[in-house]
Amino acid sequence: MANIPQKIIHEYLRHDKKFPHVWCAGCSNGIVLGSIIRAIADMQLNRDDIVMVSGIGCSSRMPVYVDFNTLHTLHGRAIAYATGVKMFKPNLKVIVITGDGDCTAIGGNHLIHAARRNIDITVILINNNIYGMTGGQASPTTPHEAIATTAPYGNIEPDFDICNLAMGAGASFVARTTAFHAIETQNYVKEAINHNGFSMLEIVSSCPVIYGRLNKKGSPADMLKHMRDNSITLAAKEKLPKEKTEGKIIRGILKRDERTEFTDAYAQLVKKVMGGKHE
Amino acid sequence: MSKAHEIRLSGSGGQGLILAGIILANAAVIEKRRVTQTQSYGPESRGGYSRADVIISDKEIFFPEATRFDILLALTQEACDKFIFDLKDKGILIVDNTQVKNISVMSEHTYEVNFTELVTEKLGSPITTNICSLAFLVKITGIVKEESLKQAIAGSVKPAFLDLNLKAMQLGFELAVNYGK
Amino acid sequence: MPTKIKKIAKPVEEKPVTPAKSGRKIRLMQGNEAVALGALDAGVNFFAGYPITPSTEIAEILALELPKRGGVFIQMEDEIASISAITGASLAGAKSLTATSGPGFSLMQEGIGFAKITETPCVVVNVQRNGPSTGMPTSPAQGDIMQSRWGSHGDSPAIVLYPDSVKESYELTIRAVNLAEKYRTCVILLLDEVIGHMREAVTLPDIANIRIVSRIKPTIPRHWYKHYDENQKYLSPLASFGEGYRYNVTGLTHDALGFPTNKPNEANDMMERLRKKISYNIRDLVQIESREMEDAKIAIFTAGITARAAKSAVAAARAEGIPVGLLRPLTIWPFPDDAVRKMLRNVETVIVPELNQGQLIHEIRRLTKDKQDGNLIPIQRANGTLITPNEILRIIREVH
């Protein structure tokens, strides 16, 4: 992390926005934001062509701070709004910033259908296993038996594997990493944005103030170290026996295929029904 | 023809009565008359009740549903029982006696024809009973011209079925001409 | 009733849609078809929707027509996604519209509030059916009059239009799109099931004679752009995503730049702006039809399909020499307070027929100070059948 030129981040943050941001000290959203900005800077994308869309939650506050076209929508609906933007102006790069609750609970329906359509939207899902903004209620990714304010005796529900869900629904690019792996995150963000199709990038993150305290996970640094020590790459997983990979966070590009992207399919349809009369 | 004519076509879902209503309304448009066509049907696309109302007038039509019918076509017993009391005193009642066996109030002008049976026998399937009975209605009442009806049918059914529908129309006209003979 | 709308800016076409070539001669047309054709003629180039009786024909026609014209049609996974998608598309520059009925309209309420607070133009067509809940899907009701005004949480002034014929469905769809663009808000078009499915002979006007309004575009450099800037009429320019004005849009209470705020003064500015852009432009927004009201002692106040029954009843009563007239709002929200006050001054009795258990009548009551309840007569029904001319005529005779 040594030679990150700070200037880049500042160039992409909004000067006219009132800071500070809403994130707690020790939150990993800032690390992810840094990775995203560096990825976009590296790719030399025109900021006017980037639309960052989010729903409601801690991570969903991200678009407000960055100097793109930004759309902070309703709880769960970011992908549906993003679909409207992308369908009307397919040349725009549409990035959705969302969280586990926003995307897989209230927004689950939009997630699976956007994945099924394979519309070229990059979903960056920051998974902190909890509803942080509202004070620590259980989300669909709160682990079994973990404590949340709405699961005070331990969570009896099984949790979602977000990447499996996205793959099952038809997403053509699916990857997972953690907030600790900032450079890996940066690289996967690039891969996801470059992919022509629906991409899901799950970034396992930490919420030390709410989730960490409720579940005695230690300091913010402890939680980051846990990501380091408790995750393995997909390549490593394939070499290890099953008992050694149990409970580990699997990092890597889990799926990448090239099936027809939805706005391309729509453009083809328009071409067909217009019989070459338009353009 | 200065007054409004209220026509109700009634039966069950799938009998094509709404299409018949649209065709009758289109025939009126061809004759440059004022027309409204409304309908009521159950949520299912086959079975259940179905009715189409057509109001034809030379003046502005305010209320678009038929409330006191000048003409009532009933293809089912249920439809006949339900609507017959709203037929005007001198109104014309046309029933398909394939299904309508009991007419509780006999109108002065009642026509009973076994449309479904005849259409099935002559044209191979009951599918065009709607057109046959509509043609009968048109011939008996003169509500629109036969030529307008023909044009309206041509404009409303798929080309592949036009011939069949025109045969059904012709059958309806003949049944009207020969009625009671 | 001609729409009186002044062009406020040179229209900017983001994605030119080939105009409808539907053959402008007289033909039999369904209400829902008229809405679809009105949308196309108004320049709508984006539709997202979910099938629901009795509005589905609108989606079906646009699924056929929009791709032919280079526009976008998408069937979404539900109505929440539909209102979201049309709002997103509008921010990208589309003239967008969705169509639904009661259950879907209920689902859209949060999204309608978002379009209003973010001042994003879009149109929601609600072909009302009998409710509550699933109700009777193929039967008419006028039960969403209040929901169209108050359905979304919080205070959010509404523009809601309500046609009573197939031709007017076409005209008011165009007006709805125009008003959405001009006022930067979600405009609602209420139809009755019977209007949506009814067929009438209609001659559409020539495309050249239709007034089309498009959103004003900013002409200032990016750094001066305020997403919620305003002129004296509370109207403001709107840049689209991708045009270099990198602004923020949020459903949170926001300042003039579009950034979230908790400051009471900024919150107040935003709320006042939303209110005033409607209330300061009442004259532009309200449209009413007044029929035989000059010497009327009895007035009927109603909208949509029930007004058709009322017109018939008025004609019959006038033939009997009874001085009765009809006042019909084409714009139901904002409510035509002035016209109703004038009516209340001039007549002795007001009859309010409506296909619900009492919605319009509350607005009349709100404006009634000197009329006793005995002079305000409701005719209410929510059983899936229409109020007929005879029922209204009977009451007119009783009153007379």
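First chain written, first letter: the chains are A, B and C, and each begins at residue 1.
Basically, contacts are C-beta pairs under 8 Å (C-beta built on N, C-alpha and C of every residue); 3 or more make two chains touch, one makes a residue touch a chain.
Model, not experiment: these values are computed from the prediction.
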item	value
Closest chain to the centre of mass proxy, which here is the mean CA position	C
Higher-contact pair (C-beta pairs counted), B-C versus A-C	A-C
Centroid distance [mean C-alpha coordinates] between chain B and chain A, Å	61
Chain A and chain C, separation of their C-alpha mean positions in angstrom	38
Contact footprint of chain C on chain A as seen in their complex	14, 16-18, 47-49, 51, 53, 63-64, 67-74, 77, 80-85, 87-89, 91-92, 109-110, 113, 266, 269-270, 273-274, 278-279
List of chain C residues in touch with chain A within their complex	15, 18, 45-46, 48, 67-70, 72, 74, 76-78, 80-81, 84-94, 96, 110-111, 114, 240-244, 246-252, 257, 259-260
Sites on chain B touched by chain C in the complex	22, 25-26, 28-29, 32, 34-43, 61-65, 67
Partner chain B, residues of chain C touching it in the complex	26-28, 53, 137-139, 194, 197-201, 305, 308-309, 311-312, 315, 386, 388-390
